[in-house]
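Just so it is clear, A, B and C label the chains in written order, and each chain counts residues from 1 on its own.
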Amino acid sequence: MASVTKTVYTNIRWTLPAVCFVWQTAMIILFGVFVRYNGESDAHWAEFKMARNITSDIDNDFYFRYPSFQDVHVMIFVGFGFLMTFLKRYSFGGVGFNFLVAAFGLQWALLMQGWFHSLDYTDGMIKIGIENLINADFCVAGCLIAYGAVLGKVSPVQLMVMTLFGITLFAVEEYIISDLLHARDAGGSMVIHIFGGYYGLAISWVLYRPNLKESSQLQGSVYHSDVFAMIGTLFLWMFWPSFNSATCDHGDGQHRAAINTYLSLAATVLTTFAISSLSQKHGKLDMVHIQNSTLAGGVAVGTAAEFMLMPYGSLIVGFCCGLLSTLGYLYITPFMEKKLKIQDTCGIHNLHAMPGVIGGIVGAITAAAATESVYGKEGLVNTFDFTNEFKNRTPAVQGGYQAAAMCVAVCFGIGGGTLVGLILRMPIWGDVTDDNCFNDEFYWEVPDEEEIVVPVLEYNNHMTPNKHTDM
Amino acid sequence: MASVTKTVYTNIRWTLPAVCFVWQTAMIILFGVFVRYNGESDAHWAEFKMARNITSDIDNDFYFRYPSFQDVHVMIFVGFGFLMTFLKRYSFGGVGFNFLVAAFGLQWALLMQGWFHSLDYTDGMIKIGIENLINADFCVAGCLIAYGAVLGKVSPVQLMVMTLFGITLFAVEEYIISDLLHARDAGGSMVIHIFGGYYGLAISWVLYRPNLKESSQLQGSVYHSDVFAMIGTLFLWMFWPSFNSATCDHGDGQHRAAINTYLSLAATVLTTFAISSLSQKHGKLDMVHIQNSTLAGGVAVGTAAEFMLMPYGSLIVGFCCGLLSTLGYLYITPFMEKKLKIQDTCGIHNLHAMPGVIGGIVGAITAAAATESVYGKEGLVNTFDFTNEFKNRTPAVQGGYQAAAMCVAVCFGIGGGTLVGLILRMPIWGDVTDDNCFNDEFYWEVPDEEEIVVPVLEYNNHMTPNKHTDM
Amino acid sequence: MASVTKTVYTNIRWTLPAVCFVWQTAMIILFGVFVRYNGESDAHWAEFKMARNITSDIDNDFYFRYPSFQDVHVMIFVGFGFLMTFLKRYSFGGVGFNFLVAAFGLQWALLMQGWFHSLDYTDGMIKIGIENLINADFCVAGCLIAYGAVLGKVSPVQLMVMTLFGITLFAVEEYIISDLLHARDAGGSMVIHIFGGYYGLAISWVLYRPNLKESSQLQGSVYHSDVFAMIGTLFLWMFWPSFNSATCDHGDGQHRAAINTYLSLAATVLTTFAISSLSQKHGKLDMVHIQNSTLAGGVAVGTAAEFMLMPYGSLIVGFCCGLLSTLGYLYITPFMEKKLKIQDTCGIHNLHAMPGVIGGIVGAITAAAATESVYGKEGLVNTFDFTNEFKNRTPAVQGGYQAAAMCVAVCFGIGGGTLVGLILRMPIWGDVTDDNCFNDEFYWEVPDEEEIVVPVLEYNNHMTPNKHTDM
């Protein structure tokens, strides 16, 4: 084992800095060549405003979207990061590597998505504003979902590679879904969650670790690590309405998406608690379910968030997802691990992939069922963006395209994940052996825990003579 | 004891899932029958906008209130949730059951408050928008305050029952106070804090546990649980300006409420630290005071937040509340426990009930003292909503109604709490015996803590041979 | 030692409450004499609106700045507070004293900054609104930075004194820089970070503790205290775009500042991880670097945040700062401690002082290089506020004033810190001896940690007979 671990360390010491420096330098060069401010963030705003008859600065897109952007930002870094601190000895890796790959991913996403969506053909430049930042965070979310499947089993260099390819695949998939198929996906049930979920599961399948049970004494939580994970859960849960509404249409679109998501998530909590209690001996609740399945309703309402899903529709979606997601943790995850050889550390199948599919189906059905009486003439056009070359598309046809989009997301996830998994199997990335997983010791300077006892003992014997001295 | 605990487990395993499933199903049905989007969240917004001569989407109420809503949402789930993690072995129950009852409560609150305030008489439907979500969160806050009094002593099923009745009582009380009496209560000193405080205290009084001291070894904190609780404290403290301003009038109303709350809370911190230090031997500070009493200023400035309280007025309110609340923890809580047989786990009397009463009094006085010279003619009408049938009401009369509103809140709290307490005494709810309180073991799968030692020892002896091998 | 510790306790018990009560009372009196609401938070808003032809309430400055304000507020209390919980036995002091001094500091800052910037000469009153609250939080940030240098080594009374003088010096320095020199400093690289950094370092230098190594067993982290500190790091990192944009011009100014900061911080993360890994044996990452140096890019982009720094420019700034800041932790901090006798607990030199200087230089250069072709005619005037007496200033001249402003900030920091340090050396403030630093025991009632073992053992032997009883 000594030689193996030695190799691991050596690899990381050179590969991680090399990857960080080279890729960050590449980002600077690419940004220098391609990225500029858009009309609303450029100092020429005064002229832009005048040209478009905008009377008040408050009509800058910044004020429509910035509060939601900050909430999404919290979900990416604190939400995903702390959700992954639940392991007793991998909290540094959970929150720390999440930080690293998200910080890289958002830069690469600004470029990739920019080329597809924000290219100014007059000068060949990508013009960015607040909506680009939100979309970059969304794109990163897809990769962080995938991280959940391989948490504790891959090196930070592998994560960087996963992110590089993940962002690239995401941008292409998103272009096909939103531009070519013209499918609507406000909260990214398909684009983000289906893709991210299957991408991670496919990678985990290719990187199957047959002797992972030798790390089993570290593959669990301790009391306080479960409380830390609840920080992640709650910030994801609370800010999910912002996530699903962040890039919706101004006005009723954002408003309705927030309401639908708020309701769906509330219903999910109740059915998650119900199934969790029902399934355990003596009715005890399992923190794994509470930390994860309570979020499934936010995923599943993503595609249809902006639609006239109706408040009760949102509750129904949330009800089903809490139920199915918790059952997933109870039955599907063990099945996948034993029979399909897919080891899914955080259970992303139950939190992202499966609810994402439900969300895609709900989106397709509700789109197909949309009528002018429910949406209003202008509302229907605005909500589904039936303009320009899509102005003759009917809701029924839209439903078909929504279903097609779901298939694209699944294919990109599984196909891309399998390919990237093969790349990650190369023995150059510095990952640990099966018996050393879920252990921060290999990538972090971990403080010596024993000392915590020292001061306590010392207080009692030596440092508090004052207890005998009155004032 | 064995048979008792067995019964507990059995009960919960069936009652908790049953309550969750049945109530959530009822919510779906009631939402299906009664709840729709309002004019600003419906897809007909384009027509709504035109009908009202609204020129920009930014005038949708969403943009006035959504940032505050998200802050309030954080207070409900992270603020209250983490504030209740301070017990050494009840952190799961603190943050987890808070999550459950809040998720149920907000649905029921949307219905109850909707029937009273958002009913569209043209079609008999409740029309919801962002302000309804904020008010639902407010309503939930009342019940979470009550939870603080019984933390660690009741089962999750009892909490659900407490919440069901609490929300119902709240909605009626709120209707009487805000509609019939036309009292102003922007931050809910009366509607939320007085009601929630006395509701919880009355329940705790009825559920008195004579042998609670047998659980005393668990009724305290450990070092890190106190740090977790500070997360709750700080998010409550920081976002309280949003809480008090969230439903105020657009423009100066929200602006002024935020300023008043910010100032009041700042002053509270200083007097809390002062009294805490002064009261303890050697001047040591007590985390219980810092975690709780620092928030009292936000409660007490609630009713008058929107009024022209003046910056120094806010500071005076905060000054007094930090002082009184900390003294409450030192003298009133022990007195209530010994003499009045009210066991108040979190000290909600000092944090909510008493500061709420102060807030109600401050509100009544400042309302009665309002003059046209201070508010301006239009400002006076807007601030106190002296319109329609109330257009002839004078500030002095308003002050009287404010005082009456306070009495209504106290009565609803004590009366409602006593009744609900009696319901909760029925031996069917799965609560633990007096010697098993404050213990997550009875409702949660708690990870085995001993293993945390294993990896540390292993590192030193076995897993780090690399320390002897140079690169 | 007994007598020393006894003295300490006695001191604090009277001095801390005295300082809190007297200063808070002074604040109330001064606010009563000097502070009122401004036109946008006063109940006369309806008339104010009419007088200025404002058509919608949404044009109240509250809606432009409140979301950013709340983010800044979180940075001050949770960001700085939790960043300082990393010490194994000083988490209470880290987050608790941060809370105390910030709550005092913001009141004093409202007054001091108000006299310089918000005085209404018609009635001699300070008129406050949302922008004043943001600036007060900024002012407090300077003092909290300084706290980082002396964390664990000073008493709460000393911190209060540091804050009183720090806020005063800050307000004067800010007046010179922003009004007299008319330098631009949106995110306060100079005004906040250079000043706060050198202020703290100078105080720490004067308060040099020769035998601090006797407290060395407490001057480190434990596993979970490092995770707590990551809460602080991430909230600072995520909300820094709000910090740098909070007081920028409406519209493109705020928009651009947020984008620049977002990008700079992302680049910083990658170079921080790179250097951290490169520097340690076996490439292991050091939590100290990840917690601190990842933030340096936000500091360094502060002055130029509103300028047309260009996306790639922001990335370059972040790239350099992550690199230099991490090298600072590796080489400069040990050098300063050994050679310059400056003990810097949190490494504020690497996180604030040095990146602040970089930020000042970047600001001077980019200001000097500004052209009308890049900014547009009106954009140039707006961004640099070339109006009134400054309407003839050219970018080149502005660059010179920016450089002068940086010198002012350094001088105020070092000069002020040295003077305040001398005041703090008086033996009346209740600070502990060199061998008792970094220990919450001296100022806080710390819960007895040993009990955590009791319940665990008890569960296995006694409290879970139910394991033998099936349902």
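Operating definition for what follows: contacts are C-beta pairs under 8 Å (C-beta built on N, C-alpha and C of every residue); 3 or more make two chains touch, one makes a residue touch a chain.
For clarity, every value in this text was computed on a predicted model and none was experimentally measured.
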Could you name all chains that are in contact with chain A and with chain B at the same time?
C
Self-contact between copies chain B and chain C, residue sets same or different by half:
different
Let me have the rounded angstrom distance from the C-alpha centre of chain B over to the C-alpha centre of chain C, please.
30
Out of chain A, which residues touch more than one other chain, so two or more?
9-10, 13, 56, 58, 63, 67, 89, 224, 231, 281-282, 449, 466, 471
Chain A residues touching chain C - in the complex, by the definition given at the top:
9-14, 16-17, 20-21, 23-25, 27-29, 31-32, 35-37, 40-47, 49, 56-58, 60-63, 66-67, 70, 73-74, 77-78, 81-82, 85, 89, 91-92, 95-96, 99-100, 103-104, 106-107, 110, 128-130, 133, 156, 224-225, 228, 231, 281-282, 442-447, 449, 451-452, 454-456, 459, 463-466, 468-469, 471
Give the list of chain C residues in touch with chain A in this complex.
1-2, 5-6, 9-10, 13, 56, 58-59, 63-64, 67-68, 71, 88-89, 217-218, 220-224, 226-227, 230-231, 234-235, 237-239, 241-242, 250-252, 254-256, 258-259, 262-263, 265-271, 273-275, 277-278, 280-287, 290, 294, 308, 310-312, 315-316, 319, 374-376, 378-380, 382-383, 436, 439, 441, 448-450, 466, 471
